[in-house]
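Per-chain numbering from 1; labels A, B, C, D, E and F assigned in written order.
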Amino acid sequence: MVSERSNGNVVALLPASFDPVTNGHLDLVERAHRVFDELVLGVAINVSKNETFSTEERVDLLRSATKDLKGVRVCAFSGLAVDYAREVGASVLVRGLRAMSDFEYEFEMAGMNKHLHPELETFFMMASQEHMYVSSSRLKELVRFGRNIDEFVPSEVAKMLVERLGGKL
Amino acid sequence: MVSERSNGNVVALLPASFDPVTNGHLDLVERAHRVFDELVLGVAINVSKNETFSTEERVDLLRSATKDLKGVRVCAFSGLAVDYAREVGASVLVRGLRAMSDFEYEFEMAGMNKHLHPELETFFMMASQEHMYVSSSRLKELVRFGRNIDEFVPSEVAKMLVERLGGKL
Amino acid sequence: MVSERSNGNVVALLPASFDPVTNGHLDLVERAHRVFDELVLGVAINVSKNETFSTEERVDLLRSATKDLKGVRVCAFSGLAVDYAREVGASVLVRGLRAMSDFEYEFEMAGMNKHLHPELETFFMMASQEHMYVSSSRLKELVRFGRNIDEFVPSEVAKMLVERLGGKL
Amino acid sequence: MVSERSNGNVVALLPASFDPVTNGHLDLVERAHRVFDELVLGVAINVSKNETFSTEERVDLLRSATKDLKGVRVCAFSGLAVDYAREVGASVLVRGLRAMSDFEYEFEMAGMNKHLHPELETFFMMASQEHMYVSSSRLKELVRFGRNIDEFVPSEVAKMLVERLGGKL
Amino acid sequence: MVSERSNGNVVALLPASFDPVTNGHLDLVERAHRVFDELVLGVAINVSKNETFSTEERVDLLRSATKDLKGVRVCAFSGLAVDYAREVGASVLVRGLRAMSDFEYEFEMAGMNKHLHPELETFFMMASQEHMYVSSSRLKELVRFGRNIDEFVPSEVAKMLVERLGGKL
Amino acid sequence: MVSERSNGNVVALLPASFDPVTNGHLDLVERAHRVFDELVLGVAINVSKNETFSTEERVDLLRSATKDLKGVRVCAFSGLAVDYAREVGASVLVRGLRAMSDFEYEFEMAGMNKHLHPELETFFMMASQEHMYVSSSRLKELVRFGRNIDEFVPSEVAKMLVERLGGKL
């Protein structure tokens, strides 16, 4: 890790489902992007098969929303985030916190991750006030009930969510 | 901030009382030090006047304990941490979390800090399992009751704490 | 809203699943009923289809249990609670809190609801000590294991729960 | 209480130190004012003697800030809030929640209050997102460090806080 | 209960799914075993049918792991833990706490249990630091992703988990 | 510890300020007393000198309130609870939990205590519903405001509290 820093290149991994990307995600991405040389957005290939969007769709929407951010790249990954961090040479894992319950889950996860990959450092960022109550799952509920969510997601995402879920209860 | 990164130089500020420095502090310092180009340890010149050690003593003990860490420097500061961050050119504020109550305080503080200095990014690091229950105030209590605390602080700190507080209830 | 108040008529909405109504619900209803001119109990027509009782049954049991409370009426609703609040002219949303985790969920929900319907005020009421550990789902578990729950629900509800779930694991 | 409601007059008490009143307080006051016929703002005559402003000053600043709100009146009180509620004929106690720790304190307090005055109903309101991290004590700290707080308090309050605390560490 | 104590025989029940037993469970068992004359490990015969191991397998693995602990016996049970406590003559229910969310669930459960069986005393034990982030479900996830979990479970359990879940996503 | 158990004699220590003893304390004492052979109530000789009652008074009031409980004895102690536990041969430390914040403090304390005295087992008991909101400090506040507290403390304690604090703000 010292060597990575010595050549001025700190890689950070921000893993999430991004199903789909919200403005809350993008706020974290932009804030982390200002600090780290390289930021990898890891789209988790989940096994639960409960996703609204396919891995490919989730990657595409996220790439489209972050295409202007130099040093940010989007990749799908399966397996443990700590293993993927190793694969991409990340020395930092970035996680967003929205609430107390996030904290507790992350707290336990960080303990395990430290055990599995001791050199990987986890940094937590607080969600901004305006994104505190916005999650992908809550937005989906709004769409199902016919609510407009344009202010919470990129326009392309809003459009796709309405197509996929609009009025489907 | 982009400019700072472009020349490969991210400065982070870790502000605390360090009254006195513990191994828990040092663990955070070493972990943050691996990620950031420059890490400023800001020793808060408190106004409560309840400190066990003077600002000068706290700075000296911390400097002594971190003297082998390249890129880490120790400074005393007064005023708000966000203002001091601006002064030293820090784009990152590092805070350690030991417990749920820390989280809540920090959560509110981060909200205010974001308002006062929007470009400053706060990163939270979890204390390591073995330092989770170690705080300066708890260690002082142990010393007052005659307990050995050598495993929790640098030896120089242990010696000074015993001199200052040993057996003084 | 001022106009609503000027004619002395504050309508409050208390939305829940009421699957089925418990004495804990009734305690909240009676307490809220003393404060508001009109109290609408909104029985959520859920989409999960995991309910023990049909919407009609849930409405009937709740109506039967609250028939003596003047100014309280029971209606089924679908969609978002904030939208239904608008529909019935409610200026207040009443929510019960039993635990810390309720608090967190409600806290986020209140943030979103304020955004969706800024004039709607959410008031939280603490569950009474004796109802703190009583929830519909816990009572169902007791019934499944053959326990008597007469003290936790109206007698009609106890009878129906036993018929529906008694001894069915 | 039924009689109070029957003549369309619900009195609510919002007790606090108001040392001094902030925009966060005023937000709660305005929101509660829209729901209740009469809203009494009870300025607690504290016994700790740690207040920045005298009871009279706190009452005056609060009166000045709420003078346009019809149905809202400001009074100083000593003793328990539940006793003062009885004195002013309030059937509702309004409390603001900013954080999890508030919740816990209030939760216990509500239990005791219910015991002391069973007919008094406590309603909790969440602080708005923008006031979540603003408390009187935090604002005083900002003033001491020379920060402008005009956006967080009425202008008259900002002026008095600077006179009283500005640059005094 | 007084009579039980008078003959020096306090029976404690530690109910759990044990699906499968982990070193975290064993740590609790060993610690509780030192205090109580008799410790019954109650393997819950769940009704959800989501278990990785059958009741028989879970009992066998637990028996094998605790065979050297005198005064500890393993039994499967269905129904409520409080009812099973009565059946085995236990005057103490032992529960482990790993996190804040455990606390809240247990807190509510203890309230209900006290109501259902007032003479049964619930004692909570904190998980040891090194087991704080280890749960059966997290370990299963590690196994699915091909990680070695030998340090977290008895070797026999590790072997069976790999056979059952290894590489099965 | 094994030897202690083998002769059927488990000693438990319940340390607290008992300033003064409340019915909440007595409820815990009675419940713990039923489980352990010997229960030592350790009255902490605090160094803060903020106590309402002297150590001797606190010991006397507690002894008077527990005089009918065989196997319970009251002692004052200074220093760390873990050291006193060793002194009295206790293998169990009993702590009451009233709230989430208690939990967090105790959680950290248990971590440190385990480190200082690994064979000492800490058991947490939940306060009963009816004592959840009753603490010594809250009762003192009630007395200062002239409230009757007879239902919350032994009558002797109520009398002394009124003499000491009644109407003294």
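Methods note: contacts are C-beta pairs under 8 Å (C-beta built on N, C-alpha and C of every residue); 3 or more make two chains touch, one makes a residue touch a chain.
What you see is a predicted model, and the numbers here were worked out from it, not measured in a lab.
*Asks:* Chains shared as neighbours by chain A and chain B?
*Replies:* Output, common partners of chain A and chain B: D, E.
*Asks:* Taking all residue numbers used at the chain B/chain D interface, answer same if over half belong to both copies and different if under half do.
*Replies:* Chain B and chain D contact each other through largely non-matching residue numbers.
*Asks:* For chain F, which other chain has the most distant CA centre?
*Replies:* A
*Asks:* If you tally the C-beta contacts, which comes out ahead, E-F or C-E?
*Replies:* E-F
*Asks:* So which of E-F, D-F or B-E is the twin of A-B, meaning more than half of its contact pairs are the same residue numbers?
*Replies:* Selected from E-F, D-F or B-E as the counterpart of A-B: E-F.
*Asks:* So which chain is farthest from chain E, going by the mean of the CA atoms in each chain?
*Replies:* Taking each chain's C-alpha mean as its centre, the farthest from chain E is D.
*Asks:* Could you tell me the distance, in whole angstrom, between the mean C-alpha positions of chain D and chain E?
*Replies:* 48
*Asks:* So what's the Cα centroid distance for chain C and chain F, whole Å?
*Replies:* That pair's centroid distance is 40 Å.
*Asks:* Return the distance between the CA-based centres of chain A and chain E, expressed in whole Å.
*Replies:* 35
*Asks:* Residue numbers in chain B touching 2 or more other chains?
*Replies:* 100-101, 104, 107, 111, 129, 132
*Asks:* Applying that definition of touch, give me each pair of chains that meets it.
*Replies:* Listed in label order, the chain pairs in contact are A-B, A-C, A-D, A-E, B-D, B-E, B-F, C-D, C-E, C-F, D-F, E-F.
*Asks:* Could you please specify the touching residues of chain F with respect to chain C in the complex?
*Replies:* 100, 129-130, 132
*Asks:* Which residues, counting only chain A, touch chain B once they are in their complex?
*Replies:* Touching chain B from chain A are residues 1-2, 5, 8-10, 31-32, 34-35, 37, 91-92, 97, 100, 103-104, 107, 110-111, 114, 119, 121-126, 128-129.
*Asks:* Which chain A residues qualify as touching chain E in the complex?
*Replies:* Residues 47, 78-80, 83, 100-101, 104, 107-109, 111-112, 115-116.
*Asks:* Mind pulling up the chain A residues that touch chain C in the complex?
*Replies:* Against chain C, chain A makes touches at 98-101, 132-134, 138, 141-142, 144-147, 169.
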